[in-house]
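Two complexes, one shared chain (subunit A), two partners (subunit B, subunit C).
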Partner chain A sequence: MVLTRENAVNLTLAVLLLAVPLIASALGQPFYVTLATRIAILALAALGLNLALGLGGMVSFGHAAFFGIGGYAAGILASHALSGEPLLFDLPGTAQMPIIWLVAVIAAGLVALAIGALSLRTSGVYFIMITLAFAQMVYYFAISWPAYGGEDGLSIAVRNQFPGTNTMRPLNFFFVAYAVLLAGIGLFALIRASRFGAALAATRQNEIRVAALGIDPYRIRLAGFVISAMITALAGALYADLNRFVSPSMLAWHMSGELIVLIILGGTGRLFGPLAGAALYVAFEFALGGLTERWQFFLGLILLGVVLFARGGLLGLLAGKTKHG
Partner chain B sequence: MVEPVLQIDNLVKSFGALRATDGITLDLMPGEIHALIGPNGAGKSTLIHQICGTLKQDSGTIRLAGEDIGALSAATRARRGLGRTFQVSSLAPEFSALRNVMLAVQARQGSSFGFFRPVMRDRSLIDPAMAILERVGLSDRARLPAAELSHGERRQLEIAMALALQSKALLLDEPMAGMGPEGSKRLTGFLDTLRQEAPILLVEHDMDAVFALADRISVLVYGRIIATGTVEDIRRDPAVRTAYLGDHA
Partner chain C sequence: MTISLALEQLLNGIQLGVMLFLMSAGLTLIFGVMGLINLAHGSLYMVGAFACAAVAALTGSFWLGLVASLACAAAAGAIVELLVIRRLYDRDHLDQVLATFALILIFSEGTRWLFGSFPLYLDIPPLLQGAVALPGDATYPVYRLAIIAVGALVALGLYLLIGKTRLGMRIRAGESDREMIGALGVDIRTLYTLVFALGSALAGLAGAIVGPLQSVQVGMGEPVLILAFVVIVIGGIGSIKGALIGALLVGITDTLGRLLLPQLLTLFMDPSQAGMIGGAAASMLIYVVMAVILSVKPRGLFPPAHA
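After this line comes the complex of A and B, so read on.
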């Protein structure tokens, strides 16, 4: 890899995110480990959305649905594993993260296929509104489903397991989340550089041109939307395990908005934009949230500043404009 | 008998009371450049939209190499072998010239669902794309984003992308638009070499280019073709002279 300025910034971000919990853990400050884990997981969720929004130009205002589906997959499977009751077709629950992740990703992928197939017939503001509407449907469904806690949500008594490590230790769970985030970033980089990535990025830039070349923009977008949802769902499963709790708030439209905010803060379409955005967001939440309950007001001001004066987000400021081959 | 590559039969399209396309019949034979001329508002754009599939005709048929493509989407028509350029350059502006042409090569190969192999290390995309950029004289601009190319270069890039598709028929929508006299002359020379690769339906206002290139000319006025013939036929046709050419001829 060539050491461009962007790569240097990316590497620094990755190393920092690893260093903070290591140092905090050595100093006996597990709270900061949890904070770093939260950053990693939110970054992964936003990374998923960034594939649709940044690469494909699809401003989905409904990604909370996929985040929450991932979360509920973790919560529901864990609750069945605990109670011993079979889930579906006599299949048992499980407390194994890899299986939970697989279920989360497949479930979200199927829902995204249905939502995307309908939503992508529209564009612009209609697309934003219809994805929001679908996500709200999922939200109200979760609220009115008493079997899994309804409005109150669902606790995960013991954090789900990952083979070879004790995930109840904060640092170990951080490593799991960090590794998944890095894998997600790697996947994003691969897809962006691939033929599919080229078609998706071109569809964002000029749909009519893409169609005139014989590439169906609808199919390209739909595939991008589904992959995007799957990554966000994986983050949702991790998020449920981080909090050991899943509730309809994971599915709420605030969550969709938060993911978009993360991307804008970090730098739309940038490989490490979601991580930069999540780090910034969680840092604000922590620093300002300690001072005032109205911290989101100041976050709003900062977001306004970014949109008005630093369109490339944090990565745009640090690493300059995007370069294309 | 030689079959036409593109055959348009009795095409009709109305917008309210206006018949923008009023029973147009037109064909494109192998190896020919067929120019379509007509004053502004004659319905050229509407006709192109229907041929490419961005507008649906009310009635009539469009055949490409014998196959009825009149109900297919724009993308499917392109895959069946209908290449086009746009009146106003239509490119992926953030992509380099090279990546624009590579996208066309990728589309021709029919494989946009590869997720893991980086395109910038894929010789099967880069080599043909570079060869085409070389042909249109853009190889030294290959790495520049399309948005930073000059107007004339963007026109050349449009043609490069159409060529990369190796289409059965090419539809060029005012390729000379906005080119200076020098540029037009060079482009005319280049298009002259293309007709054996793919027959061209050429919509153009630049009469010098049309008269230099066209094997046949059709004249479109108020949604109807009022004359079709060789350059000489059209120059002599009194109806055309009054309707369109004026003193130019």
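After this line comes the complex of A and C, so read on.
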């Protein structure tokens, strides 16, 4: 790895995110550990969306659906593990994170395959609205389906387990989330460097040329969309475990908007953009929320300023413009 | 189920459809002319409802409130266009989504700041209280019928405005070729502000007339905004005719679906389960309709010929 300015900034971000909870934990401030875990998980969710949005140019305004499906996978499996009732076809629930993650990723992947197959027939502003509408469909389904809490949501009594560690300790759970985030960033880098990633980026830049090269843009996009949804769902499962609670608000369109905001704050299409954006967002929320109850008002103003005047986000500011595309 | 219940629900569906039409007409006009996706359209709906409720509470007159809602929503729209939206026409959809998402945060939090978190209530004006008889012993509120009438009037007015007037001609010209109409000496910037204010006023009107049927509160615009998106995606983005037909389709499907689906399912399962599954399925029905229409016509029922 060459030590460019961007790599240096990325490395600093990754080290900072690890250092803050370590220091906070040593000083006996578990609140900051939770804050850092929240950053890591939101960064992972936005990283998933960044694959579709930043790399593939698919502005999905419905990724909350996948985030929520991941969350509900964790919540539902955990509730069945607790009650001992079988889930489906005599399969039991589980409190083991790796299995939950697998279920979350597969469930979201299947839903994304259906939503993507329909939505990707359109493009541009239609795509934005249709992904939003399908996510609302999932949202209303969660609200009106009473079996798992409906509007009230579902609590997870005991945080799910990861083999070899006690996840109820905040620092341990942070390590789990941090490791998954790093793996996600690694996967994103691998995909971006692969032939598939090049094709995906090419469908964003020029669809007609991609088709002329004999690659079907629809299939490339659909694959990208599904992988993107799977990563976001994994983050959703972790988020449910972080809060030990999952509710339809994870599926709400505000969440979809927030995920896009994270990417833009950090820098669209960049490897560490979601992490930079999530850190900035959570810091805003924390600092402004401490100052005023009306922090969302000021968040709106800041966001407006970033969109209108500071394109490129935090990483654009710190690490300069991207080389191309 | 009786005929009168079905008729009542059908009218409710038309009333919902009419309200959605007021929202989606502005949304689709703004997209058609300026190519802008405006998430903050629901905030203008909220502004209209709050203006109406506040002025009605102050003066005791719903009608003054209605005038205030139109004026406030149009003014808010014009100001937002001048300050923010104007800079977004040349940007991609992602920037437009984000900037208007930011506007929602500002509008919602700002309204909460001004009016507090408690919902406001609006009374139905005395003139429109009461009910009319439906066939088969039922009655139907006059106010809801009045909403349907307002929607029909607005649809007619928009048809005349866009089809028959000089302004409408410019709007249509702006939809087909914005550079050309600018070159022909039309002040395109003012035209855009006008169209945006018109769309905002329609959203404000929708918020004000729905005020007496539900509570006026922060966040009321967002569910309606998303339904309006479904409407214009079904109708074809940029088409007012499509918005009208899409709005009625969505309004009627949603209302009748909630009535009929649970009853239909009682044929196959016990009532409590049918109610649960039927209710959940009914809440998803319009999205299923949207998916079906899009799989046949990806650009909606009435896609504009150009763009």
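Of note:
Here is the rule we go by: the second predicted complex is superposed on the first by the 323 of 325 C-alpha atoms of A that agree within 3 Å, B and C clash if a C-alpha of one lies under 4 Å from a C-alpha of the other, contacts with A are read in each partner's own complex, and residues count from 1 in each chain.
As a working rule, a contact is a pair of C-beta atoms (placed from the backbone, for glycine too) under 8 Å apart; a residue touches a chain by one contact, two chains touch by 3 or more.
The model shown is predicted, which means the values in this text are computed figures rather than measured ones.
The larger set of touched subunit A residues comes from C, when the choice is between subunit B and subunit C. Contacts of A:F31 after superposition: neither subunit B nor subunit C is touched. In the superposed model, A:Q136 lies in contact with subunit C only, and not with subunit B.
When the two complexes are overlaid on their common chain A, residue A:I208 makes contact with subunit B while staying clear of subunit C. Across the complex, subunit C is touched by residues 53, 59, 61, 118, 121-122, 124-126, 128-130, 132-134, 136-137, 140-141, 143-147, 253, 257, 260-261, 264, 268, 294, 296-297, 299-301, 303-304, 307-308, 311 of subunit A.
Listing the residues of subunit B that touch subunit A in their complex gives 52, 54, 73-79, 84, 86, 90-96, 98-99, 102-104, 106-108, 110-120, 122, 125, 143, 145, 161, 165. On the subunit A side of its complex with subunit B, the touching residues are 190-191, 193-199, 201-202, 205-206, 208-217, 220, 223, 322, 324-325.
Every residue of subunit C that touches subunit A in the complex is listed here, in rising order: 31, 37, 84, 87, 93-95, 97-99, 101-106, 108-110, 112-113, 222, 226, 229-230, 232-233, 237, 276, 279-280, 282-284, 287-288, 290-291, 294-295, 298-300.
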